[in-house]
Amino acid sequence: MNSQIFHPFVLPFVLGMAFVLTYCLVGLIRVILQLPKDDRKQFLRSLVTPKTAWANIRDLFGDCLFHVKIWKRNPLLGYMHSAIAFGWFMIIVIGHIMLFTLKPLEGVEVEGFARTFTNFYYPIFFKYFAEETPVFAFLMDFFLLMIISGILIAVVKKIHSKIVGVKRVTKFGFADNMIRFALWTIFPFRLIAEKTNIMAFWWLYSIDLLIFMFMLPFTRYMHIPTEALFILMRHAGLNAREPRKGYALAQLYSCPSCGLCIDACPMSVNDKMSGNTSAYFMKKLRNKDSDEAKRIAETCLMCGKCVMVCPVSIESCDIKFSQRAAVPYEIHSDHSYLDVISTEAQRSGEISSKDKVLYFAGCMTQLTPKIMRAMKQIMETAGEEYEFLDKDGGICCGRPMLLSGKTAEAQAMIAKNTELIKKSGAKKLVLSCPICYKVFKEEYHLEGIEIQHHTQYINELIKNGKLKVNKTDVNYVYHDPCELGRAFGVYDEPREVIENVGNLLKAKSEKELSICCGGSLGSFNLTQKERDEITSNSVADLMFNNPDEIVTACPLCLKTFARKSPVPVKDIAELFVVHQA
Amino acid sequence: MKENILIIGGGAAGMEAATQLQKMGLTPIIVEKSEHLGGHIAQWDRLFPAFHPAKDVVDQMLNQVKDVKTYLNTEVTDIQRNSDGFKAILSNNETIDAKAVILATGFDIFKAERKQEYGYGIYNNVMTSVELENFFRTGNDARINNPKKIGFVHCVGARDVKVCNTYCSKVCCTTALKQACEIKEVFPDAEVYTFYMDLRMFGPGYEDLYLKTQKDFDVKCVRGRVCEVSEDMDGKLVIKAEDTLFGKPLKMTLDVLVLMCSMEKNKSIDVIQQKLGVANNSDGFMQNKDMYLGMNGTAQDGVFVAGACTAPKSLPDTIGEARSVATQVFNYINSK
Amino acid sequence: MDFGFCLSPSSHVKMDSVDLTTFNHLKETNPDINTCIACGSCTATCTAGNFTEMSFRRILLMLQRGKEEEAKKMIQRCMLCGKCTLVCPRGINIRKILLDITR
Amino acid sequence: MIIEGKQKIWADYQKDIPDDHYFYVRSCIRQAFWPGSEVTFLDITRNKLGKDFYENPYHTTCGGIAYHSDTIPQETAMTIIARQFALMKESGYENYVCSCITSFGCYTETLETWHEYPELEAKIRQYLWDSCKKEFAKPKYLAHASDIIYKFRFEIAKQMKFPLVNAKTGKPLKVVEHIGCHYSKMFPSKGFGGAEYPHVLVGMIEAWGGEVVDYPERRQCCGFGFRQYFVQANRGYSESNTHKKFESMEPYEPDLIITNCPGCPYFLDRWQYVIAEQTGKTYGKNGYGIPALTYEEVAGLVMGYDPWDLGLQMHQVAIEPLLEKMGIPYDPKQKYQGLNGKDLGQPMCPSCIKSV
């Protein structure tokens, strides 16, 4: 054994460690300073609020070390991540514990300043400097082998990703590949160095660490330190406001480019389109490739599935929103012409009962008159008093404008619709279009007015006996529209309605994993051909159990599926027309 | 069974009818007034919609009729019906006895100078679609000198009561867009405008041709008829039209203006047609029995029609009619 | 001297001097634009067109006839609702084009 | 330009003009606008060419202006015309020659309408009888006065003293020809050369040594357009039309415009002044305008009439540069002296376009 507490080979590691710590500290301060004043206050306060503090601790361990979400997705993939992260964490922790319990080698004084200083590298090169106690030696070897087992899986995954249930993986550039190689080799080098004590391997081990830590801020591995900050910020309830600042920046660096969103993304029907997925968006934005980031942001369907599957819970749709909002426009909307609009009922002064239902079909439903007709029949059969807000064509709900990032310009439409709805005196607003539903729920201030999507409304009417239906043995499959399902968790009501009239089969991907139909207004760039490919894929997913008919609850999904579906596609409202008792 | 069938006109219709009749064992005799067979199509460079060389088609047809008795530079000067059929006297004083007569006399090109406002024959750079096709075929036309802006006027002599042609000439729209592509192929930097009334192009591959003009060649289609053409100091053409989709009059300078001349009935046959007792329809073309089952027949027994002598027709239309007239004649002979 | 009248501006579209920069730029990013057959479906279905003179078909023409300012004025009426894109028989990504024009 | 193409069309659009014995009717507004023109016409045809022209003092307006301004119905206009024909018949003539293009258009339109609808002719015959107790005969030949000059253009050329040639350079003058719309645009076959490439004035220019300018807006109306001028608020349209023509002919640097309609020379002349006042632009050289003359005035000039006897001082656009180009002597002092030596009074000096 060696008789000194310092050897030059620790220098590369110390250098790397110093660099990475400095970088992260500066980055941390920068991100916090970039936060708008209110957000910053909110963030700092959250750190000392017991409830958020507890959530912070829970997620820091659960997400950063144990990767609970990845375990849930695929145990092998979860093990791979935990083995490396948790294993590494443990050998550092055990190293430090040993630092206090070690029996120094003969002639080695590890006291005072030396002890403090050696804290940096001592546990890292422990075996070179100190003798181990057997229990710790076993733990150290155990965790080291655990890490190496994780790396082995990673190597296999690189060659054959399906082993961990991943179809498409993120394609990396030179730097990312190099740091990955560095990471893979760190621990084998350590193992060899520890077992053989050949000086060259201690050097390799240390230099490998230097490479890893030096490259870390410039590669996806930056997610290791950033994720902690992101978790804290997320729990503070912040929102991404600018695509490359503050909270968004923390998210950008927290994205590990793991690529789980690639398989999830409806656009991943071919290689070319899979380049439009969130993993690449974050990467391009991180690398300041703003043209590409802008293009991807505007290509995205905004279905929110990537957010749903993200192991880090990155809110990539919000960042895409902020990216869209950051595009400057030369011409601004002028919707002043809306001022003079009033509804027919308002013009004729027929504002009567307060109990009436206000029905707003929305632009997309205007293109699917059968839904409107079905809704009319439903409301009439149920004996509801109703008013048709946009019978002669209404004003857009504002969501498409919001989707373009023009938040302020959507306000004219939101304001006018709000005025019309409030003037109607109705207490319930029923919508047929989930696109409208989302914006009415999130952006409209309609205090005292209940907002329902027609799936909820119909289900309610059936439940309280106002609508009577016959059960048949038609096999239906239900498609969850993104803006109804993932956005608001309206999964059960439509299913209950379907079960009242027929058999409900399962789709291959359901509920929060449902695949966007491809017609989404969220995307600006997709061509019809590209959309068709997405639709075909989504239809195939729905056809998994050979249903007789596809049922959806969104006029846009209906129109989109109708292009490609081998079986009839119906809106949930139409089911009533077919199965009315 | 060797029965003479007199075919007047050696264009696409006449040649194809002869080919089929010969295969049926009859004896077709072609009388062609010009010095070559092939008619208008022999003067054409490429065919719409797929830019197929016209020569290929004509050569094949010529090859098929090489054994058919053919009179070139010859006209029928007189024709009499007799108990045996018809007796025709040719301009070379020969006499032909025939059991049946097929009129395959085709069309004439509308004389563009009749639309005076377009200045054909007055302004140097106004040309007809036929002349442009000739340019594609030969590469020679003094008027086409690296033009930067080229215009096409549709419906010249068609759908126009001012020249007494109320009918649509059927092939000009497609031809215009075909030629627009071709001129862009020769002069890729040129801007090409077509002034159309309705784009009447229907048939297999025609819409693809249209999309090609729009996507690959950026041909600009303006809906509206050119109303007048003048020449400016540099000899360029100043044209006026209304962009009817935009609802505003439009004025522009062009280097070359191509007039898409319509088809008119070939009048050189009028005397013989009269002798045979075949009337004209309201468009001035020959009147067939009816436009469905009797499209190849006429009011006269033993007198048949095929091709563009009854109405403007495309090449596939004409060939189809030529084949059907052969069947009609065959049945007619057999029923005698 | 005031004659009580003056030269009225020409209503002619002077194609020789039309500046097509915007349209050509638009065409580069949206080549489908050329397949428009002026059917007017976009105008007929337009949500804003229900209240105003908004017409995408005309906007396209305006850009090609040197009336860019008019086009830009008209485009302000758009609500981006996307109905036009859904009804376009030529599959033109109208919403994207409208967005591009305003940039 | 392929001149043979035009010649072919000119050959196609010829019409018969009798050699002698004409019933001449004057134009309402030409007598006011260009009093020298009709006098010169009669002097040339009667005295220089030896033709018989008869004028009946009872002839009136043809009603054309009222008709085209929608103030009288067509049947009224036709009855007025029938009365003129009745005067011709009473005078024993059958070749009707009118000085006005509007009238020529109305007469042609009336004769063609009667040809298509004989019952209308019978009706008008009755109206004329009811109102005037007159009976009319349709003229055997109807001609515009410019047709007569066209017919005898070569005879005039023989007596020519000052051809349409720049006396200094020997080069032909560049002459814009402008026919009245109603000369042949309604009935192309009724005018020499038809509607697209009318020959009536071109023939004169060529016969008298000038060079014809064919410019892009040649076919455009002068801008008179009746209602466009008569309503003050619409005069901008009238002026704009003229403006368009001048902008189009300007690059050709024409020396002269020759016209055969009452309104055209008036508007092509006066609007030059208005355009100059409003925009500061003049279309001739050195701040002058382009003289717009009637064909009689041009015939008179080439035959050596005194410019002031022809009434050229009635033109807003100064005629002097043209006289100098053609080498025609004139006395500037006499410009504003009437035939009787009395001062005619001088026009207010325009601020932009040169008047002397």
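Per-chain numbering from 1; labels A, B, C and D assigned in written order.
Here is the rule we go by: a residue touches a chain if its C-beta (ideal position, glycine included) is under 8 Å from a C-beta of that chain, and two chains touch if they have at least 3 such contacts.
In this text the structure is predicted, and so the values were computed from the model without any measurement.
Participant: I want to compare two interfaces, B-D and A-C. Which one has more contacting C-beta pairs?
Facilitator: Of B-D and A-C, more C-beta pairs in contact link A-C.
Participant: What chain is most central when centres are computed from CA atoms?
Facilitator: Here the chain at the core of the arrangement is C.
Participant: Let me check something: if the centre of a chain is the mean of its CA atoms, which chain is farthest from subunit C?
Facilitator: D
Participant: Express in whole angstrom the distance between the two chain centres, defined as the mean CA positions of subunit B and subunit D.
Facilitator: 46
Participant: Where the centres are mean C-alpha positions, what is the separation of subunit A from subunit C, in Å?
Facilitator: Taking the average C-alpha coordinate of subunit A and of subunit C, the gap between them is 38 Å.
Participant: Provide the C-alpha centroid distance between subunit C and subunit D, rounded to the nearest whole angstrom.
Facilitator: 46
Participant: Could you tell me the distance, in whole angstrom, between the mean C-alpha positions of subunit B and subunit C?
Facilitator: For subunit B versus subunit C, the centre distance works out to 39 Å.
Participant: For subunit A, which residues are shared contacts with two or more other chains?
Facilitator: Counting only residues that touch two or more other chains, subunit A contributes none.
Participant: Do you know which subunit D residues sit against two or more other chains?
Facilitator: Expected reply: no residues.
Participant: Name the touching chain pairs, would you?
Facilitator: Every touching chain pair, ordered by label, is A-C, B-C, B-D, C-D.
Participant: Any idea which subunit D residues touch subunit B in the complex?
Facilitator: Subunit D reaches subunit B through residues 1-2, 4-6, 8-9, 194-197, 214-219, 251-252.
Participant: Residues of subunit C touching subunit A in their complex?
Facilitator: The contact residues of subunit C facing subunit A are 32, 45, 47-48, 50-52, 72, 75-83, 86-87, 91, 93, 95-96, 99, 101-103.
Participant: Help me check something: in the complex, which residues belonging to subunit D touch subunit C?
Facilitator: 232-237, 239-240, 243-244, 274-275, 277-279, 351
Participant: Which part of subunit B faces subunit D closely enough to touch in the complex?
Facilitator: Answer in residue numbers: 113, 116-117, 119-124, 228, 230-233, 235, 238.
Participant: Provide the residue numbers of subunit C that touch subunit D in the complex, in ascending order.
Facilitator: So the residues of subunit C in touch with subunit D come to 1, 3-8, 10.
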